[in-house]
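Here subunit A shows up in two complexes: once beside subunit B, once beside subunit C.
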Partner chain A sequence: MDILEKMYEAAEKLPNSWINDWKKTGKVLGYLCSYIPEEILHAAKILPIRVTARGHSESTLADACMSRLNCPFARYLLDTVLSGKLDFLDGVIAYNSCDHIRRMFDNWRLRHKPPFYHFLSIPHRADELAMKWFQGELSNLRSHLESHFKITISDDDLKESIKLYNNTYDLLQALYDLRKREDPPIKGSDVAAIMTACLSMPKEAFNDLLSQLLDELEGKEGYSDLPRIMVVGSLVDNPEYIKIIEDLGSIVVTDSHCFGTKYFSDKVKIEGNPIEALSARYLLKSPCPRMIDERTGHEKRLELIKSLIKEYYVDGVIFERMTMCDLWSGEIFMLQNDLKQLGVPTLILERDYIISGVGQMKTRSQAFIEVLK
Partner chain B sequence: MVEAQAPSSKKYKMWDTVIGYLTRMEELFDTMMQAEMTQEQIVNPLFIRILNNYFKRLYEAEASKRPVLMYNFCIPPEIIYALDGYPICQEAGSVALSIVGKQHLQYIDIAEENGISAEQCNAQKIWIGAAMVDEVPPPNGIIYASQPCDSTNILYQVLEELYQIPTYTMDVPYWAHDPASEFYDERVVPYFSEQLRGIFPWAEKNFGLKLDPERLHQVMELSNQAREYTLEINELMKAKPTPLPSMTTFTTYLTLTTAAGTQDAVDYCKWTRDKAADLVRRKTSSLQEMYGLEEKFRVVWVYIPIFWSLMLYDWMERKFGAVIVQDLMGYHLGKPIDVSNENTIFNGLARSILDIPMGAQSRGPAEYYLDYLLHLVKEYDADCAIFGGHMGCKHSWGIATLLKEELYKRAGVPMLVFEVDTMDPRQVSEKDIKQKLRTFFKEVL
Partner chain C sequence: MLTAGIDIGSLTTKALIIDEDKIKGYVILKSGHLFEEAGNEAYKLCLEKCNLTNDDIKYIVGTGYGRALISFANENITEITCHARGVYYYFPDAHTVIDIGGQDSKAIRIGENGKVLDFVMNDKCAAGTGRFLEVMQKALNIETLDMMGKLSLNSRNPAKISSMCTVFAESEVISLFAQKKAKKEDIVAGLHTAIAKRITGMVNRLGRVQEKIIFCGGVAKNVGVKKALEQELGKPLYTPEDPQITGALGAALLAQERYQKKKKI
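Entry: the complex of A and B
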C-alpha cells in the first residue's frame, strides 16, 4: 500500500487500524473542535482523536433528540454516538465551541454517558485576562486527566509532546508550501485525506508517513494551468467533497477551515511554562468565527485569508457553509463582501454534512470554475 | 476619540414607527381613562408611556451629543446610564417593531436579500436590515458579551463591520457562579467583573465618558428598587389564581432591559407590584375581574413571547383559562446589588449578567435550563409548560426534547413543543399555533 493509500485508509472512518492497534495497550480520547490542545493528551500517553461522523450516513436516532434546526454535522455525530460506533473511546473532551456542538455534547453526556469526559470553557477573547482564564482551564484538564487515569503529566512530558506536534505542524506547512508552486504536485482532495488522517492516528506514525510522502513529492511534476481555488468554511473531513470541485477542472491549493490551515499554521513556544505556551498558541491561533475581540475577530480573520490568497496565488474562493451554522453564515456574509471589494471571485456552496445534492453543487461549481479560467 | 454624532434633525423610519404606535396607544389609554374605564387592560398604560419615552429620548440624546451606545439584551443598561450615555438595546428595537406592525418584515427581507442567511436569528436581522437602508439610529459604540448564542456572537460582529465603530466585547464563562451548583467555579465572578470594569476606560478613551462614582451609586440605588419590586411581583404571581395577565412578567423584563437604573423602571415595577398585591389581597385576578373567568391551567411559557401575536395570550386566557404564571424572560433572577462600594457593585452586576434571562439558561450545560424549568413548574405549581421555540435559537432546540422528557419524568409536567419564528409570522402562522394549543389544552391536559 502506498503512502497516500494509507492516509486515505486512516481518513475513512473511526476507528481505523491505527486506533485499533493503539487500543490494545493504550487509551483513546475523542475531542471536539480545534481549540483543544492535543499536546496535553499526548503527554498523558493518550491517543487524541478528532471525532467526526465520517462513514456514518444515518441521523434517525439523533433526529429524535435534536432538531432539524440544528447543524447536520452535530446531528450525524450524535447519531454516531447513539448507535455505539464511538464506544471504542475511553472518553471525550468538549468545549463551548458553538451552540450546536455543545448541545450535541449535552445529549451525548446525558443519553450515552462516555466513560470519562471533560468540558472546557474556552474564552471568546484572547487578551491577557482571557489568557489567564484559559491557562486555568488547561490546568484543570491536566489535573482531571491525572486523577482519572492515575498518571502524572510533567512539564517535561508536555515539552516533549509540544516538540513532536511542532514537528507535525512544520511537516504540514511543508506540504502546503508545495501547493504554492505554479504546478502543485498534490491535489487538494489528497491533502484533505492527509489532514483527516493526521487527526485520526498517532502523530509519531503520521509524521513518519508524511516525511516519506514529502520526499516523494519533492521532485514530482505537478498540476498546472488549472484555476486555483481556496476553500473556506465549516469542517471538511471528506476528501470526496474536494474531489467533486477538482474533477470539474480546478485545483484546491489552500483553505481556511479547521481540518486545514487553522489546525497547523501556528506553533507552540518550547521555552517557558508549557501550559502558558499552549494557551497562547491555541487562543491566538488562526481564529474561528466564534472569537470576538480585536485580536481574533473578523478583521483579524480577514487579514489571514487575504495573506493566504496572496501566498497561494488563489484565483477564486469557495465558501462551503453547513446549513444552520450561524457562525459561518455570518462570517461568510462579511468575507464575501470584503473579497468582492478586493476583486476576488467567490462562490457560496451550502452543504449538508454527508455529501448530497451533488448535481447542484457540480453545476454551480462548474459555472464558477469556467469564470476563473 | 470618536466624536458623538452632530445634532441632526434626521429621523429614523424604524424608530418613528415604534414611537408613532406607542403614542397612539398612549392617547387611546388617556381617552379610556377619561371615560373612567378600568385599568385592567392587557398592556398597562404606564408601560406604554415608559417604553415610548425610552425610544423618544434617542432624539434628545442625539441633540445633546450624548454618545449612543448599543448593547445586547444580556447587558444591563445601568452601566450606560451610569456613564450618562444613551443606551440602545438592539434587540428591544427589533422586538418593539415586530410587536407594532409588519414593517419589520421588510427589514428581514432586505437583510436576506443582501446575504444574511434566512436561518439566522431575526432578533438581530431586523436591525441589520434597517441599518442597511439607514432607517435606524446609528450608534457611536457597541458593547456586547458572548452570551446567549452564536447568533449574538457573529451578528454583533456584522454590526461592528457595518458601523465601523468602537466595540467592547466580553467573554461570558460557561461555568456557574453559585457555590451550590455542580458546575461552580470560583473564578467566574472575578473574571467577569474585571471585564465589566474594562468598559469604563474604553468609554473614556473612545467617547470621553467618565465614570462618576456618585452617579453610579444613584443609578444602582434606582436599579435596586426596581429589582426589589420585581422579586415581589414574582412572588405574588405564585398566588392562586395568579393575579396579573400572561404578559406581565415579560413587560417587567422589557422595562428592566431598557430602563433599569431609572425612575421610570421603578415607577412601572411599583405600579405592577401594587396592582398584583391588591388582586392577591382580594383573592382575585385580572382574568376574573375583566372577563369573569376562572383560571384553569397554570402555564410556564418556556420561551420568548410570540411578539407579532401578543393577543394570542389573551386568547389562551379567555378560551381555555390558561394563564402564563411565569416565563423565561420574565423570571428575572437578578437580586438587588450591594452598593457599599465599587467592588460590590461590579461583582453584583457581574452576577446579574450571568443570571440574566436567556443567558442564564443558555450559556452553559443543559442542566442550567432544566433546573430553571423544574424550579419554575414547582414554585408556580404549573400544570404544563409550553415551548414555542424561536427558530433562531438553535441552542435551545438542541435540547428541547431532553427538556420535555426530563420535565415529565421528574415533575410529571407535560410540555408542548412547537416551532415558531417569534418575529416573523410568515414562518408558522397564528392559525397553526392556535391549533396546536387547542389540541394541547383539550386533549393532553
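Entry: the complex of A and C
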C-alpha cells in the first residue's frame, strides 16, 4: 500500500487499523473541536482521536433525540455514538463550541454513558482574564486524567508532547507550502484525506508517513492551469466533498476550516510553563466563529483569509455551509460581503453532513468554476 | 454554421438549433424520468423540424440538470452560464437575470458579452421553484401553470401564505380552500407573492439592482409571478419572447464560440 492509500484507509472510518492496534495496549479518548489540546492527552500516553460520524450514514437513532433543526453533524455523530460504533473509546472530552454540540454531549452522557467524561469550558474571548480561566480548565483536565487513569503527567512529559506536535504542525505547513506552487503536486481531496488521517492515528506514525510523502512530492510534476479554490467553513472530513469540486475542473489549494489550516497554523511555545503556553496557543490560534473579542473575532478571521488568498494565489472562495450551523451562517454572509468588495469571487455551497444532493452541488460548483475561467 | 443547444431541466427538456445567430427552430418536451431519452428525442425532433440531419450540426453544447447525460454533446456547460448568454442575445443591456426553473431558482449578475459575474441559487429546497407552483396547481385543481397566472390577476385580496415549505404550504392551501376561507384566485395570488418575496431576498444578495432585470425560465410564463415580482422589486421585468428556451439558446450560442475557438487551434 502506498502512503496516500494508507492515509485514505486511516481517514475512512472509525476505528481504523491504527486505533485497533493501539487499543491492544493503550487507551483512546475522543474529542471533537480544534480547541482541545491533544498535547495533554498525548502526555498522558493516551491516543486522542478527533471523532466525527465519518463512515456512518444513518441518523434514525439520533432523530429520536434531536430535531431536524439541529446541526446534521451533531445528529449523525450522536447516531454513531448510539449505534455503539464509538464504543472503542475509553472516554470523551466535551466542550462548549455551540449549542447543537452541547445537546449532543448531553445525550451522549445520559443515553450512552462513556467510561470517562470531562467537560472543558472554553472561553469565547482571549483576554487576560479568559487566559487565566483557560489555564485553570487545562489544569483541571490534567488532574482529572491523572486521577481517573492513575497516572502522572509531568511538565517534562507535556514539553515532549508539545515538541512532537510542533513537528506535526511544521510538516503540515510544509505540505501546504507545496500547494502554493503554480502547479500544486497534490490535490485538495488527497490533502483532506491526509488531514483526517492526521486526526485519526498516533502522531509519531503520522509524522513518519507525512515526511516520506513530502519527499515523494518534492520533485513531482503538479496540476497546472486550473482555477485555484479555497474552502472556508466548519469541517471537511470527507475527501469526496473536495473531489466533487475538483473533478469539475478546478484545484483546491488551501482552506480555513478545522480539518485544515485552523488545526496547524499556530505553534506552541516550548519555553516556560507548558500549561500557559498551551492556553495561549489554543485561545489565540486561527479562530472559529465561536470567538467574539477583537483579537479573535470577525476581523481576525477576515485578515487570515485575506492573507491565505494572497499566499496561495486563490482565484475564488467556496464557503461550505452546513445547514443549521448557527456559528457559520452569519459569519459567512459577512465574509462574503467583505471578499466581494475586494473583488474575490465567492460561492456559498450549502451542505448536509453526509454528501447528498450531488447534482445540485455540482451545478453550483461547475457554474462557479465557469465564472473563474 | 449550425450548432445546437440541449437543455435538460428537471421538468422540461429543450433543444434548439441556430445558424450563426439566427434561431432555426426549437422543441420543448417533458423530461419525464429518463433524462437521456428526453435529450435524444428533443434533439431528433428539432432536427426534423428544421429539416436537418445530425451531420449538418457542427457543435453541440448540453446544459441543465441532466447536462452530463447527453452523450452526443461535445461538452456541457451549466445553465447559469447558458442563461446569461441566452439573455444577452435578446437584451445586450441586461444587468440581472432571474431564472425560475423546475427545481432551481437563480439570480445572475451579468457583465460584458453576457459573461456571468456572480450568481445566487436557492438552498437545497423546492420553495420558490417551478415544482412548488406545480404542487400548488395540482392541490388547487387548476389545469395549467399558465391558467394559474391568469387566475391570480383577478385577485382583489391576496391570501397570506405563512409557510414556504412546499409540503406545509400545500396543506395550508388545501385547508384555506376547503374551509372556504379564501377564494382560489386569492390563494394563488398569495402563493405568487410568497415566491416573489423569496426571490427578491435572493436578488438582494447580489447587491442593489440598478439596471434592467430579465425574467426567464419556465415560471416566467406565469404572468402572476411576474406581476408579484415586479411589485416586490419595484421595477418592471423584461421577458424574452419564449422565456423557457434561453438556456438552450445560450448553449447553442456558446457552441458557436467553442467551435470557432477549436477551429483556430
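Here is the rule we go by: the second predicted complex is superposed on the first by the 373 of 373 C-alpha atoms of A that agree within 3 Å, B and C clash if a C-alpha of one lies under 4 Å from a C-alpha of the other, contacts with A are read in each partner's own complex, and residues count from 1 in each chain.
By our rule, a residue touches a chain if its C-beta (ideal position, glycine included) is under 8 Å from a C-beta of that chain, and two chains touch if they have at least 3 such contacts.
These numbers come from a predicted model, not from an experiment.
Using the contact criterion defined above for the overlaid structures, shared-chain residue A:V371 touches subunit C, although it does not reach subunit B. Using the contact criterion defined above for the overlaid structures, shared-chain residue A:P345 touches subunit C, although it does not reach subunit B.
Using the contact criterion defined above for the overlaid structures, shared-chain residue A:G330 touches subunit B, although it does not reach subunit C. By the touch criterion defined above, A:M104 lies against subunit B but remains apart from subunit C after alignment on the C-alpha atoms of chain A.
In the overlay built on the shared chain, the residue A:W133 is in contact with subunit B alone; subunit C does not reach it. By the touch criterion stated above, A:Q360 is placed in contact with subunit C alone, subunit B being left untouched. Taking subunit B and subunit C in turn and counting the residues of subunit A each one touches, the greater count comes from B.
When the shared chain is aligned, no partner comes close enough to touch A:I309: not subunit B, not subunit C. Once chain A of one complex is fitted onto chain A of the other, the partner contacts of A:C71 are limited to subunit B, with no touch recorded for subunit C. With the contact threshold set out at the top, residues 323 of subunit A are in contact with subunit B in one structure and with subunit C in the other.
Listing the residues of subunit A that touch subunit B in their complex gives 64-67, 69-71, 74, 96, 98-100, 102-104, 106-107, 110-111, 119, 121, 123-125, 129-130, 133, 136, 289-290, 292-293, 297-298, 321, 323-324, 326-327, 329-331, 333-334, 336-337.
Against subunit A, in their complex, subunit B makes its touches with residues 115-117, 119-121, 144, 146, 149-151, 153-158, 160-161, 169-171, 173-175, 185, 187, 191, 194-195, 362-363, 365-366, 389, 391, 394-395, 397-402, 419. Those residues of subunit C lying in contact with subunit A across their complex are 65, 68, 77-81, 103-104, 116-119, 121, 123-124, 207.
Within the complex formed with subunit C, the subunit A residues making contact are 323, 340, 345, 350, 352, 357, 359-360, 362-364, 366-367, 370-371.
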